[in-house]
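Chain naming follows the written order as A, B and C, and within any one chain the residues start at number 1.
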């Protein structure tokens, strides 16, 4: 599914990163090779270039990652945070904001609370747009960095048993990652309380669903744990989710398990596991930097 | 009126951009030539230089434009936004803030809600100050970019019929632009409801005043439309201003009309006109970038 | 006291600036020499490097100073202000935030309202940490720049009479500066109302304490005046502190007096004294820039 259609027109990811649906395995190979190359040495191929970080929702984590990526590449960042409280808008439409800002920059990294925002931005923009989270929609650069983490930690993706645990219902990160994983020969296993299980559209025949980790930990290669994103619940749900990985789980797990988490964590992984070499969640942050560097170079590095 | 006096001392615009009154035609020629030159190629003459964006009022639009201009020139920006909610002040005077920040930077771009702020800043500063809007006062860089847009779109300014429409009473942008236009051989025509007409001090014999566009559209060369700046009204006025340019207006207008707007728009120009090649308001944004680059180079590019 | 122990492990200041206790006279000589060298010329030794300004408490003054220092050195800054209102946290611990951000940057400048924050950050960080104020604790870079100001203005520190005036109880700046001064052969004299006198742990035999400046002004070499930091009082104290330096004080003072203030001032020094060549408080700001440049180069300038 390497071509993404918007109003029946395909949008190549070099022009706009909207959804993981735009990436074929060959694209991912290209991005990962570039990320690995950029992670060493300090070339600055984006000197003189700039991006706008246009965040309608705050996300210091993601905006900092793009900021750091751009800085490492020699470029600069125009940060526009919490747009609604600022003067960008004064009642202005997203489309007009995009058409204004594109004069100032080589690409726009957009986070918006509205699922349709990315496509609206892309429909008017003449510079590349990168979706950095669109409401309940996608967060494709997070999914790419998650996949890159697996690739780097294990040397490949095919053949692995990937266990995803936590709130599988609301996590857009999980949904995007699962879409990417489907392109590879992996076994997907899902651990969540019934109220927070993976929505049907993302589920495939052959997936394993459980309400706890116990029967799956032994032969898991990748354990991807997610936070319950309480801020995305419509109501304050009273679901007691005490999912967490324990020392005892780790004792039973494979020697080469890779324990991942998109962060921030709020108890799903106790700090006593931080020194376990299999805990990859902080390395995951660094891999994210490299993947975003690769996307920026691929999208705006050519004149 | 190319010399601006502050306490009876003339202030050249290279040292501080306070008001459009500082610019003679020769100055404008110099700035426009520099803007045109900087708009092509990617030289970075301000590498190692920095500006402070000191905004006591939020204005993401203007601060982003200066940020982008500085980035394109190789320099860096220290953004200080919404000063009153930050710790700059702690009761500190503007003068002390300026004298503190000037140690850190090569120039200060100042937006302030108080009309007297720019002059107070200039009176103590040892680095160049650029007025990026001082309350109900001026916004000289906006006026310069508006004039530059006319110049670039039509190849010159003399001989044109310029129609300004909307809230002509409160718009400091319009006031500054009109002052600049007076230096050229142009006919100025004004369209507004009586409650929002151009204040007497800005009016000249020979100006045409109308309450609607109809009788003026046919031979208009430049149509400059402004937003009703509701945030600047003392009371919530109940004036119904439904001024907007229509497709039918455009059908009657000249082939080489230039339709301008300082943005953001809130209905004065419908989006269906965006694809009309005569709609110049987004190109205007880019011209603004180039004018600000020219000002920065002229003011801090020499050692 | 040139070695600082954290959990019984010494922390060299090149790795983390936590407290002034880490600096021996030889360290200070090194930093001051580097600061003087960096203050002239425009080499950019930190090109391609970046810092994160992680401010849990707002302090535009300090963050701008580090931002300017980094810009002057060719590096870039990822600003993260008012963290608590942003999304960094989402309940995340400081330790996790540090371990996330360290992937993005070469050093973290941390201001935090909690006195223990710096040490917690240092305990997990793999990049250098600079304490830019930790609650009621220390503000070591301010103390270093204060000392550097004395050094530059007078050519040396030994043998001087240093008078500190104002709120000597709450000012962490004063406490840190006094610690540094103890390493030199200086006479320390303290002027404050009894309610705001220097806490016992900082006091030494031989210090002179007064409730007004009168008897001390004549032979003072350095007069360091501080603001009453009302925002740090638990209750709104009703102490009337009308300490201020007057023209008459200056008339009696030495020809080569150095009048200092960490800024912002709120009346302690009237603006009529700004033109007195002995008023060094704005030069102090610039010395601060140079000291922070020196620290950054010393800490992250080596590969």
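Following the convention adopted for this analysis, a contact is a pair of C-beta atoms (placed from the backbone, for glycine too) under 8 Å apart; a residue touches a chain by one contact, two chains touch by 3 or more.
Only a predicted model underlies this, so the values are computations on that prediction, with no experimental measurement involved.
*Asks:* Take each protein chain as a node, join two nodes whenever their chains touch, and name the resulting shape: line, ring, star, complete or other.
*Replies:* The chain contacts form a complete graph, every chain touching every other.
*Asks:* Tell me whether chain B and chain C, two copies of the same sequence, contact each other through the same residue numbers or different ones, using over half shared as the line for same.
*Replies:* different
*Asks:* Could you please state the distance in Å, as a whole number, between where the Cα atoms of chain B are centred and where those of chain C are centred?
*Replies:* Measuring from centre to centre gives 40 Å for this pair.
*Asks:* What are the residue numbers in chain C that touch two or more other chains?
*Replies:* Expected reply: 76, 79.
*Asks:* Show which residues of chain A lie in contact with chain C when the two form their complex.
*Replies:* Within the complex, chain A touches chain C at residues 42, 44, 57-61, 64-65, 67-68, 71-72, 74, 76, 79, 227, 231, 263-266, 271, 282, 285-286, 288-289.
*Asks:* Which of the residues in chain A come into contact with chain B in the complex?
*Replies:* 48, 50, 52, 76, 78-80, 83, 86-93, 95-96, 99-101, 103-105
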